[in-house]
Amino acid sequence: MPDGALPVLDVKDLKTVFKTRGGEVHAVNDVSFSLKPGELLGVVGESGSGKSVTMMSLIGLLPSPPAEVRNGTVMFDGDDLLNVDAARMRDIRGGDIGFVFQDPMTSLNPVFTVGMQIAEPLRKHMGMNKKAARARAVELLELVGIPDAERRLDDYPHQFSGGMRQRVMIAIALACDPKVLIADEPTTALDVTIQAQILELMKELRTKLGMAVIWITHDLGVIAGIADRVIVMYGGQIVEHAPVADLFADPQHPYTQALLTTIPSVSGERSKRLTIIEGQPPILGAAPTLCPFRDRCNKRVEICERMMPQRYPVSGQHDAACFHADPGIPKEKAVGHAG
Amino acid sequence: MTDATQQPDRVRSQWWDIWDQFKTHRGAVIGLGFLIFITLFVLLGPLLWQVDPGKLDIRNKDMRPIYTILWDSEAKVSWAKPLGSDNLGRDILANLMQGGRISMAVGWTAMLLSVILGTLIGVLAGYFKRLDGLLMRFTDLVLALPLLPLLLVMMLLFRDSLRATFGPENGIFILIVVAIGITSWMQTARIVRGDVLALKEREFVLAARSIGTPSRRMITRHILPNVLSPIMVSATLGLATAIITESALSFLGLGFPSDFPTWGKILFDSVDRMTNYPERVIWPGLCISLTVLAVNYIGDGLRDALDPRIRGQ
Amino acid sequence: MTIKTALMGAVASLAFAPMAFADGHEGERGRDGELRIIYWQAVSILNPYLSSGTKDIDASALVIEPLGRYDSSGNPVPYLATEIPTVANGGVSEDLTSITWTLQEGLVWSDGTPVTSRDVQFTWEYCTAEGGGCAQAAKFEGVTSVDIVDDLTVTVNFDGPTPNPYQPFMGGQSPIIQAAQFADCLGPRAPECTDANFAPIGTGPFVVTDFRVNDVVSFAANENYRVASQPAFATVVFKGGGDATAAGRAVMETGEFDYAWNMQLAPDVIAGMAEGGVGSPVSAFGALVERIEVNLTDPSPDLDEGIRSTAEAPHPFLTDPAVREAMSIAIDRELLVEIGYGQAGRPTCNLVPAPAIYASDNTGCLTQDIDRANALLDEAGYMDTDGDGVREMADGTPLSILYQTSTNAVRQDFQALIKEWWSEIGIETELRNIDAGVFFGGDPGSPDTFQRFYADVEMYANVFDGTDPQSYLGAYLCDKAPRPDTQWQGENINRFCDPAYDALWQELTSTGDLDERGRIGAALNDMLTKDSNVIIPLVDRGRVSAHANSLGGIELNVWDSELWNIAGWHRISE
Amino acid sequence: MLDDTNAKPLVSVRDLKMHFPIHAGLLRRRVGEVKAVDGVSFDVMEGETLGLVGESGCGKSTCGRAVLRLYDITAGEISIDGVEIGQMDQSRLRSKRPTMQMVFQDPQASLNPRMPVRDIIQEPLDEHTNLSLSEKREKVLELMDAVGLNRKFATRFPHAFSGGQRQRIGIARALALNPKFIVCDEPIAALDVSIQAQVVNLLEDLQEKLGLTYLFISHDLSMVRHIATRVAVMYLGRIVELAPREALYAEPLHPYTKALLSAVPEPNPALAQKQRVVLTGDVPSPSNPPKGCNFCTRCPVVQDICRTDDPETREVQPGRFVACHFVTPETTTTADPTAGPRSQELNQQGEET
Amino acid sequence: MIDAMFGTNFADGAQRIISFQSRSPVFDIIAERMPQTLWVVGMSYVVGVLIALPIGIISAYKQYSIFDQIGTLISMIGFSVPTFFTGVLLIVIFSTMVPLDSIFWLPSIYDTTHEVTDWESFKFQMRQMAMPVFVLALFNAAQISRYMRASMLDNLGQDYVRTARAKGMTEKIVVLKHVLRNSMIPVITVIALGVPQVFGGAIITEQVFKVNGLGQLLITAIQGSDIPMVMTLTFMFAILIVLFNLIADVLYGVLDPRIRYD
């Protein structure tokens, strides 16, 4: 991973709020990260941790109202995506940034043929005519490993199996040679054997096409096998960020640590009893002022009740939002940092 | 956490949540307000305005509403007849109240009847596979029947026996209510059946079956409460339809006897004099339209409020 | 224009009635384009022998004509005949048992064939054929034969002295039909001749060009019509359906139609429409009486079918003359007129208010007298024993009645008023109104026809055709009562049965002297009204129709079809 | 069937078949059937947890429901606690319901949204006991304690709870009648990772305390490895392999089991070095299963015989049953290194109950 | 014409159902009435649908906006005001108050014999249809726009809409192509199921404007106890309902590729 390369996507202090009857819900709080060309960034978190909302905020796919992106910058290709006009945003969506969603069953329009749905972005972004788009669609289907692509182009989504549908989704996302592919839990709805197929496909495509990928998942196992770098999200915030090997070898945030121990494994030692994280995930509400994990944290200290931890660097690319992460800084001094 | 001394909270019924959501639908709240107002108007109005709606007062016929004086100082008005009187001197305000009572009574009872019938058939068809085909064909059959001949035949067949049993006014009331009720349940039945079929596949029904809950309690405890929202929505629509249908029956001369005012009839009777006495069509027309409008808005609000997807937001 | 001036116009036109044909308006046939007539009841057939509906009789009057008609004063005028036969001119035999008609020379049917006495004879055969269900059979009652004298002369023989021989072939109800066209339509086959029934060949001013059942009839001027300059209109559109209000509006407010029939609307409504300025109401008084008929039999639904409303079950209290009298004098007829008809009506106590010689000088009911009505009921022993405001019979049966009529705004207003008055004398009234189509439809299967009379009292209007009330009064004979075995047909809907009445009526049928007939007629009238109050007359109704102000030649005729002189109608420029 | 003589079967299923008819066309004619479960046999020993794993659509949930007779089964025998219930009619079955209960997959869908928690948990008591209302209420509160729910929440409605708490409600309901046998149908599939462990631990605690027997249905192989004593692997309506847990995970015998295990992503990068067996293609439709061995369309070691002959299920090692033409007792007689500790552990579990 | 029609029929000796009331073959009368019913009621249905669809689409897309509120209000008024009132009101305004020579004047009585032969007669046909069609269209539009709105709302929340947006499609394509196509599936069947009602006529409106169509035919037949006519009409109506149920089913299959009847 070339450290020096300019990031294709640079997110700073992103903040997304949902306006509801019960007041504002701060779903994403000051999230910052960057994505370098060709790398695969894994984003891990439980449901409600804000991982999907973050990605949707980037390219303006959240319905507004109720969602509102409050703050921050998203630099892509020289533009701040939060400030571009709607037409430019549409050019980027589907053109420069491809998207794969969780449920291939509902994410494809049931009444149009697969061929038409693949051709749509081609005709819009690449200006292809019908024939060219169709030819390219066949290529794409072959690329994602759908046999008999030419014939299957005229099939409707329901005629495909779940795994095949997800391949179609990937084909759509890849249609215009995007610089960035955002995959939002692309394998969650699939069976393990199919998931394995998709993961293999992704690896293959990355080496072939070389685009940057953001891979959102709740499954640490998937991340371990595919990602270069990992972001762990909890309660709308990034709690830890590390290269994949570092994360598994030396997790810094108590949440990451707990998460790793709580998952049983098919191989390795079988523990007699699972370690558990007590309590429930936080219910998002007003802007947080304290560490969202502190209620469930077994390493909670007095300062956690007073102020919000920053993302403290651990090593080169590894940082964690926990006061324990940087023992070098006295807690009193940390107070000074917050504000 | 497991402190035995802790006692459960008071049941905060989810109806409060529904009410909270309902409150956010402005149209529905205004609609509810109007419905309450109009209900009070027809129920309590006659207590305050004690004029016999059937009382003829020929000397004071064709009075204009009191507000006419504002632009026509020569208009025949009187505080004794605030909304004027008709061509036989009957007080229009009193008639509106009395007519409203009957229209609302017809609306509510016919709606209840059709909703009960529709729910019963829908639930039975949805829940018991054996009955499904039969009941749904029956529903299609009734849908295929032209309603008007059916109503006419019913009127002819049952009018006298009902009149003998329940008296003239109640007899015709029952007849009209039943006629409207049994010709408007089909939509409810179809919707309910669809929902019951979907509910049957829900895991909590399966869970109840794993407990061994018998069908009767399964329906009352698990099915019915969960098809309540489509039922309530079709109920609000049914109320509106019943009021309209009753006025259409009046138009076709199949409604209540001539001395039995309903909004629809007052409106119909006044259409002839619409140009000279516009108030006589405007007031009953407004009553019908606003009531139906209110009820429809309430239906809209209820649908949103009862939809957990929307409520969850 | 207010109703008052309209009526004055009508009165004025009455004065010029004899000049109808001498109207100065002349010109070539068809010069005035289209005439548009609206009847709020739609025409279902153009054969008056198969339908008794006024709409059907009136519409067929455009096509087929009788030998003679009554003019707007009730005098007979010849149509197809050369003159009205009388004893004086020798047309009627001295013993009053036959009448001889002579057809005009050179008359042709619209298909060009000549009209002969055979057609007249055939018409009689047609209506009296076995199984034909002729609706006008009463017209031919007592006719033993119709003999052809020569091609243009025909003699009608009666079974006895017939002082009023102007029944057959007179008036809109018994026009002459073409023998050739209806030859195969005798008896049971009559209804099958759809083409003939829908487009009869006639002698009238118009021929049918298009007939749409219960909707619209289109006519064109008859090229063979006997008056060269008539009709003034080339075509007629005869539209049906809807209600009186809409018809009135179409003529008087929007001007879409030229003539609308039977504006039975409240006077203020008509006046309001006339303000539209494009049309005016026109009215004339005849013998049309709005009345309440009292059912002398028990219509209670508790009784079995077959007994209910038949002579086998006398009415519990309406059989008591005192009750009926009380009901009659409790009514304020002046007020009814004011509310319902205005100047197009006048209060009456008679069933036969006209012509003058038959009219009884009966005015006793004209003043409302609630007190006397109450006194009558007290005397007769109907007291309010339970204090609910309703009197009871000795056995506790309340004086509670069902009051039925056809659906019509004016009638419903009447119902409301009368209900109120009756409640003042302790009689409780339930109102019911039935669609006119059903009420007057005469369907034996329907419980809602006026003949079936499944009510205690019912209100409607009726009139007799022509100027002689004999058969009209004959309706109240014992055996004319509708019963299950007559398929509920019959005119004596009260089920009135008085041997004295029957005897007196027989006397009328054999009396030729006009004054004597007048006396007997008035006596019969009084037996039904003043003496027994079986019939409670309310209002002598003028007939009201509406016509466009640009339509000339209208002469409203209450003694015959309203469209009797349509050949002379024409467009006037205002 | 097991080499372990201490345990006797509580539930015994023989040749269970559950076929659903397919209706199609304008006239809704029956055009075929989905063979969701097609001849499944297994025993569940008293006090043990039998894991039933497989991919979606393999019929594992249907199987679990059929065992509890939530469906009228097509064929087969089911005996629970010595009573044959396979063909028993639903009204007679009612009296057997208290012994067998179920925990459902979707804690949202399995709770009636219109009933407060108290009534949900109380429903089985209403149906099967004659307790007074106050006794029932008390019992409900006890159950809530047992599954770790705050008593205060008894009157709340399900939507006010998080997923994990809802699953606890479902478990409390299943426990209300002191059942012996509970079918857990993917009880953790809809839960967040951090909550899954809580529920699994709770289930284990309850088993220990109340001597429960579980049929644990899941697609999560790692969790099954944790909780189950023995594991049955299903593919397309059949059990392809049934074996004690350690043996199965250490050395899967059926080609499908091998592929399945290798497909599971390993969160520990240190262990994730092995070569993956990636299966090609998709699971065939259960309405039209392939001829011969069900797995023949995807099997990496498929041979001609697989496409014609249906392999029978054989006990290839003591307690290990495999349905594959190429796994025979001869091919697997090598001593299993984990066999020793396994049977020992089983014994321990047996004693614990 | 009548002669020819009836003459040949009788010459054939064919069995005919004869109306009690008018003594003429039932089917001929029905055939006579069909054109005006189809013109007026059918046209009002078409107009109603054409009004309803855009209202439904925009109302759903801009849920709770001013447009939505007004659309809802209008559709509810259309649904709740009796047609005998709106009809007469229109007549009073457009036939009575508007002067006869104005271009806004509209005839209050429908001419059933009018035949469209040229532009002028076509214009007249349009004028005389205007009021009844408007009254009925308002009523039809009210119901169908409600369905359309609900169906659009259902589909706007679907995942594939997000996919379409993620592909960079414009809102126009997202709504008018992706969402609309899916939303139309249930609405089309609702529309198809409503068609038999067209043949049933609109009794009240027909009566108000004297469009003597099938509805008026039915009611006069009932009032006249014309049993052959009532039975024929009822039977015809029942067959149409069955037929359109079938058509709706087939349409569903055609529109929704997930359902195929083979």
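Each chain gets a letter, A, B, C, D and E, in the order it is written, and its residues are counted from 1.
Criterion: a residue touches a chain if its C-beta (ideal position, glycine included) is under 8 Å from a C-beta of that chain, and two chains touch if they have at least 3 such contacts.
It should be emphasised that the depicted structure is a prediction, and the values quoted were computed from it without experimental measurement.
**Student:** Touching both chain A and chain B, which chains are there?
**Tutor:** Joint contacts, listed by label: D, E.
**Student:** Farthest chain from chain A, going by mean C-alpha coordinates, please.
**Tutor:** C
**Student:** So which one's got more C-beta contacts, B-C or C-E?
**Tutor:** Of the two interfaces, B-C and C-E, more C-beta pairs touch across C-E.
**Student:** Mind checking the centre-to-centre distance between chain D and chain E? Centres are C-alpha means, answer in whole Å.
**Tutor:** So the centroids are 56 Å from each other.
**Student:** Can you give the whole-Å distance between the Cα centres of chain A and chain D?
**Tutor:** 33
**Student:** Using mean CA coordinates as chain centres, what's the chain A-chain E distance in Å?
**Tutor:** 51
**Student:** In whole angstrom, what separates the CA-based centres of chain C and chain D?
**Tutor:** 89
**Student:** Can you pull out the residues of chain E that are in contact with at least two other chains?
**Tutor:** 96, 207
**Student:** Using the touch definition from the top, which residues of chain B touch two or more other chains?
**Tutor:** Within chain B, residues 252, 271, 275 contact more than one other chain.
**Student:** Would you tell me which residues of chain D are touching chain A in their complex?
**Tutor:** Those in contact with chain A are residues 55-56, 162, 164-165, 192-198, 200-201, 204, 219, 221-223, 225-226, 246, 249, 259-272, 274, 276, 278-280, 282-283.
**Student:** Please give the residue numbers of chain C that touch chain E in the complex, ascending.
**Tutor:** Going by the criterion above, the answer is residues 38, 42, 44-45, 50, 191-192, 194-195, 197-199, 210-216, 218, 237, 239-243, 246, 249-250, 253-257, 276, 278, 435, 437-438, 441, 443, 445-446.
**Student:** Which stretch or stretches of chain E touch chain C in the complex?
**Tutor:** 1-3, 6-7, 10, 18-19, 21-25, 29, 32-33, 91, 95-96, 100, 107-109, 111-113, 207-208, 210, 212, 216-217, 220, 223-225
**Student:** For a test of understanding, state which residues of chain E touch chain B in their complex under the given definition.
**Tutor:** Chain E residues touching chain B: 69, 72-73, 76-77, 79-82, 84-85, 88-89, 92, 96, 157, 200, 203-204, 207, 218-219, 222, 230, 233-234, 237-238, 241-242, 245.
**Student:** Under the stated contact criterion, what part of chain D meets chain B in this complex?
**Tutor:** Within the complex, chain D contacts chain B at residues 65, 68, 70, 91, 93-95, 97-98, 100-102, 104-106, 109-116, 118, 123-124, 127-128, 141, 144-145, 148, 150-157, 159, 170, 173, 177.
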